[in-house]
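Next up: some structures, all given as C-alpha cells.
Note that chain A is present in both complexes that follow, paired respectively with chain B and with chain C.
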Partner chain A sequence: MNPLHSNSAFVRSLTRTLATLPAYQTGAALADAPPAFTEVGVRYSHYSEDDIDASSVIFGATSRYDIDITQLWIEAPVGASWSVALDVQNDYQTGASPWFVGTDQNGQPGVIMSGASIQDNRVEVGVATRYFWADGNAGLNVSHSDEDDYEALSMAFDASWNTAGNTRTWTTSVSNSRDKVNPTQGVIPVFVTNEALDTQSGYFGVSQILSRTAIVRVGLNYTYSDGYLSDPYKLNDQRPQSHERIALSTGYRHFLIDANASVQFDYRYYADSWGVDSHTVELGWAQHFERTTLTPYFRYYSQREADFFQVVADLNEPHFADDYRLSSYGAMTVGARWAINLGDWTLEIEGERYWSDANWGLYDGDPAPALVDFWRGTIAIMWRFD
Partner chain B sequence: MLGTTSRDEKTRIMKRTLCTAGILSAITVQTSCMQIETVEAWDRGYLAEDTMQWETDARSARLKGHVYTSKEASTGGAGAAGGGCGCN
Partner chain C sequence: MGGPATVVITPPSGRSAQTAPLLDKLQSLLRTLERRYSRYLADSLISTINTRAGSGDFTRLDLESETLLEVADQLWHSSGGLFDITSGVLRKAWRFDATHIPVDVSQLASLQDKVGWEKVERTAQGIHLPVKGMEIDLGGLVKEYAADCAVSLLRDHGVTSGLIELAGDVATIGCQPSGAPWQVGIRAPQGGDPLGGIALSSAAAATSGNYARTLRFKGRTYGHLLNPHTGWPVEGPTSVTVIGENCLSAGAVSTIACLQSPQAAMTWLSDAGLPWLMIDREAVCSGPLAAEMGLSLT
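Let's look at the complex of A and B:
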C-alpha cells in the first residue's frame, strides 16, 4: 500500500515527510530516484462518436467511429539507478467517417459518408529505460505502431536536471518518427500507395517550485514533418508536403491544505505553417478523500481553420481539404477521474464528454457540417509490489 | 529545415516563432519575478502528491492526448511528439 494514500491522517502527515526521501520522489524539482515498486497495470477504454446529424448527410451511414482500446504495462526498478518499462496497446476501431463534402439540391453543403464498414486494428509496443542520478534523470523510449494501413517507428530521448537547490527543473526531449502509409481498399476507392512521412520534434521547458504548495512550468515544443500528410480516406484532400508546428505550454499546480485538494491549470498555445492557431485551457480540481481521489476537469479548445480548408473543397487550388478537423470551431470537454486506493492495488475510473461547435470558437470561419461529439470511458487497475 | 514550405509560410512561421518566443520570455521573466520561497527537501510532501504532478497518470494522459490529436488540428505540448497513426 502506498502510505501517501493511507486512510490515517497521521500516517499521511508522517509519510509526506518521508516522501521527501529519494526513494519516494517522482515529481518535478525533487531529487531523482527510480520507482520504489514494480507496477503492473491494465486499462480498457471505449471511445464512441455520436451519430452525425442526418440533416447534414447527403449519402451514407450516419453512425461514426467506435474504438476499443486495451493497454497493458509493466514498469520496474533495476538496481539503484535504472528503471525499465514495457507498454503494449491494442486499438480496434469500427464505423464510418466523412468521405467528402458536396452540395445538395438546394446548394447546401452535406457530407457523403464512407459507409459503416471500416474496421482496423492497431498494435503499439513501446520499450523505455531511464537512468537516475542525484540531480536528474534521462530516458530513452522506442515504440512501434502497426495497423492494416499505417506503420510508425519512433524513438525519443528526454532528460531532466535540477538546479537552484532542486527547486528548478529543466527538461528537454527530442524525438523522431518514420511512418509508412499503405491505405487499404474498401467500400470507397483509395488512390494512394506506399507513402512515407518523417517527423522530428523537440521540447525545452522549465518548472519552478514557488512554495511548499505551488509549482509552475513553461515549455516550448517544435515539430517538423515532411512527407505524405493528406488523409488517403478523404476524396478531396491534398495537403502540403511539410508541416511546422509550435506549441507553447504552461501549467500551474497548487495544493490547498485546508481543503485537502489540488488545483490544476494548464494552457497551450499552438500555431502551425498551415495557418492553424489554437488555444487550449484545462482546469482540474483533485479532491482527496480517505482512500480515493476524485478529479473533475473542464477543457476548452478553439482553433482557427487551415488556409486551404473549405467547407466544399476547391479542387483547382494547389492545396485543398474539406476535413472538419481543419475548420474553425470550439470544443468543450467535461470529465472526471476517480482513483481508489486498495492497498497494493489502485483502481481508476474515468469518463469524459466532448462537444464541438463552430459557434463556440474564438475565430471566424464557415461551419463544417461534420464536427464530432464523443464519449470516452476508461477503467484501469494497477498492482504495485516490491 | 523548411523543406518545401513556401516563402509566405516561412514568413508566417518566423513571425509566430518570434511572437511565441516573446510570450515565453515574458512568462519566464514574470516567473522569475514571482515570490519564490525557499522550500527545504523535508518540506515538499504536498508537492510529492500524485495530484501535484504535471501528469497524474502518464499513460492515461497519453491516451487522452492521442484522442484529442486524432480529432483536432493541434498537436504537441509538454514534450516531444511521438509516432503517428492512421486515425481518421
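Let's look at the complex of A and C:
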C-alpha cells in the first residue's frame, strides 16, 4: 500500500480540489488509479411517449409506450490496482406500438396500432473488472440480458492509456454480443421463432487536452451484425440479414473561467449499410455553482431513410419496412441535467423533451405517420464510502 | 516569497545543455507566483483584493486563484476556523521583534472586527473583503503550491530526479541519481544539528513551526501563530512535519496541526493518515516519522 495514499476525508477532499490545477494533473499522485471509494448508486428513469395523433391512426389505441427503468450498481476498489463493479437494470415497458402502416379509404397512409396491452420486462445483469496502471487502465465487462422474448449475452473489453505528459488519452474497445430472439404471441400474431443475432463492435478514439481550459475528443466506431435484424412485432418488416454501421464522434469542452462554466459541443456522424446516415449536434452549457452543476442542453438530429423504407411497405421487394425509425426525419431535444454534491452523496436529476418531424430533417423522404415525441425524466443517487 | 530556495536536478540524459534555460524557467515561474500572491507587492492580486476591502468592488479570479481560495476555505472549515487567511491583520497588535510591551490589547479588539473568513464575499464576480482594512494572506499556502508547480514544470521538461526546497518545504522528483531516496534533514527547533533525516522519493515534506519568531510576555513564551478567534498566539506544538504526495497537502495538514493544542494536533495528524513528526514545547518528538528516525517518543 502506498503510505502517502490517505483515506482521510480532508486529504481526499483537498486532492479533489487541487486536481483542477495543472500542477496536480501529472505524476504519480494523479496517475490512473482505482476509485478511492466504494460507490453505490440507484437510478430511476421514466420514458413516456406522447399519444399518436388520432388522424394518423386507422385502427387501434392512440396511446404509446411508457418505460420504467431502474438501475442499481456498486463499484469498489480491490487492492491497489483493481476495481470490480456489478450493475443490475430492470426495464418495464407497457403500452402500444405501430403494428403496420396501411392506407385508409382515401388512400392516405395511417397506422394500425398493436393494442394497448403489451407488457414486457427486461433484466440485465453486468459484472465488470478493471485493472489500473500508472498510465492507463483496462476493463472487462460481461452482461446478460433477459426478457420474455429476447436473450442477449455480451462481452466487452476496453483499454485507455495516457501519453504526451498525460495530456492525451487513447481509448479502444471491442465487444461481442450473441442474442436469441423468441417473440411471444400476444395481441398481435407473430411469425418468428428461434432466431439469432451476432454483433461485433470496435472503437478507437483519442482525447487531447489543448490547454488549461480546453479538451477535444474524436472517435470512430464500427459495428457489424449478422442474423435476425427485423422487428418481429411489426407485420411488414423484412430487413437484410447483416448490418454494418460506422460512426464518427467528436466533442469539445471549453471551460470559461470568469463564468465558472463549460461550453460543450458534440457532433456525431453515422452511416450504415442500409442507406441510413445521420448527423447529431449537441450544445450544452454546464454552469458550476458551489455544490451543484446545472447543464441545459439542446440536441438536433437528422436522418436519411433506409433504402428499403417505404411509408407503406412494398411486400414484393426483397427487403421492406414501414418502421418510422427508418424514415427520413429530423428531431430536437431540449433538456437539463442538475448534479448536486452533498459530501459523500451525489444527486442527479435530468429531464428532457424530444420532438420529431419529417420536415425538420436535412434529407428528402416521404413522411412516416408514426413519428414519436416523448418525455424522459431521470433521478439518480450515488453514495461513496470507504 | 521571502525565503531561500534550493533546487537540485539531474538533467535528463543528453540534455545537460538545457539545464540553465530550465532553471531560468523555474525562476520565472516562482517570480510569477510571487508577483501574483505576495502581500508585500503593491500590484499583486492579493494586494488588489486587500486594497479594495470595504469598497464594494469585487476582484475577478482565475481558476488558479479561485482554487487556492477554495483550498483556504476547506482548511478554514476543517480547522474549525483556526486556519484563517484573514487573520494576518492581528499581527499588527503583536511585536514579535520587540522587547517591551509585545501586545497592544486595545488594538487587538478593534483588529478582530477585520478578521473572519466567513465574512468574505465570494461570488461569480470574484472576491470582496467587506470591511475596510481587512486583508487576506495566502502565504500559508503559496510557498507549498510553488514547490508543487516547480515539480510539475521540471517533470514536464523530462526531469526524473530532482529536489526543490522553498524555505523549509521540500518536494522531490524520483530518487537521487544513485537510486537512493532523497534524504531531508529535520531542523531542531532549538537550533544546532538536525534531529535526523527522512527519506523521500516522489514525495513532499512540509514543516510548520511556531518557533522561528517568539516573544515572552508575562513569563510565558509565545509563538507567532495566532488564534483568529481570540487574537492571541496558539499554544500548539513547536514544529510539525508531514510527508504527502504533494507539498500543498502536506503543508495543509502540518499547518492545521500547529494551530491546535498538542493533544488535538496528534489526533488530527493520526486522522489525516500521512506520515508525521511532531515536536512539542518540551522538545519531545512523536509520530510515525519520529519512530522511523529513532527519536525519543512520548
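Definition applied: the second predicted complex is superposed on the first by the 357 of 386 C-alpha atoms of A that agree within 3 Å, B and C clash if a C-alpha of one lies under 4 Å from a C-alpha of the other, contacts with A are read in each partner's own complex, and residues count from 1 in each chain.
We adopt the following convention: a residue touches a chain if its C-beta (ideal position, glycine included) is under 8 Å from a C-beta of that chain, and two chains touch if they have at least 3 such contacts.
Remember, it's a predicted structure, so these values are computed and weren't measured experimentally.
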Contact-wise, after the overlay, does A:T378 reach chain B, chain C, both or neither (first, second, both, neither)? first
On the A-aligned overlay, A:A247 touches which partner chain: chain B = first, chain C = second, or both, or neither?
first
Please work out whether A:E350 is in contact with chain B alone, chain C alone, both, or neither, and reply first, second, both or neither. first
Please indicate which partner A:D149 is in contact with in the superposed arrangement: first for chain B, second for chain C, both, or neither. first
Message = Per the contact definition in the header, classify A:D66: touching chain B only (first), chain C only (second), both, or neither.
response = neither
Which partner chains sit in contact with A:T213 here, chain B, chain C, both or neither? Use first/second/both/neither. both
Message = Contacts for A:F255 in the overlay, against chain B (first) and chain C (second): which applies, first, second, both or neither?
response = both
Of chain B and chain C, the partner touching more residues of chain A is B
Contacts of chain A common to chain B and chain C in the A-superposed view 4, 13, 15, 17, 20, 24, 26-29, 165, 212-213, 255, 257
Within the complex, chain C is touched by chain A residues 3-8, 10-11, 13-15, 17-18, 20-24, 26-29, 165, 212-213, 255, 257-260
Listed in rising order, the residues of chain B that touch chain A in the complex are 1-5, 9, 12-13, 16-17, 20-21, 23-24, 27-28, 31, 34-39, 41-54, 56-57, 59-60, 63-64, 67-68, 71-86, 88
Residue positions on chain A within touch of chain B in the complex are 4, 13, 15-17, 19-20, 24-31, 41, 43, 45, 47, 69, 71, 73, 87, 97, 120, 122, 124, 143-145, 147, 149-150, 152-154, 156, 158, 165-167, 173-175, 177, 179, 181, 183, 197, 199, 201-203, 205-213, 215-221, 223-224, 226, 231, 233-234, 240-242, 244-251, 253, 255, 257, 261-262, 264, 268-276, 278, 280, 286, 288, 293, 295, 301, 303, 306, 325-326, 331, 337, 339, 348, 350, 352, 354, 372, 374, 376, 378, 380
Chain C contacts chain A in the complex at 60, 62-64, 66-67, 70-71, 74, 78, 124, 145, 148-149, 151-152, 155-156, 202-203, 243-246, 248-249, 252-253, 271-275
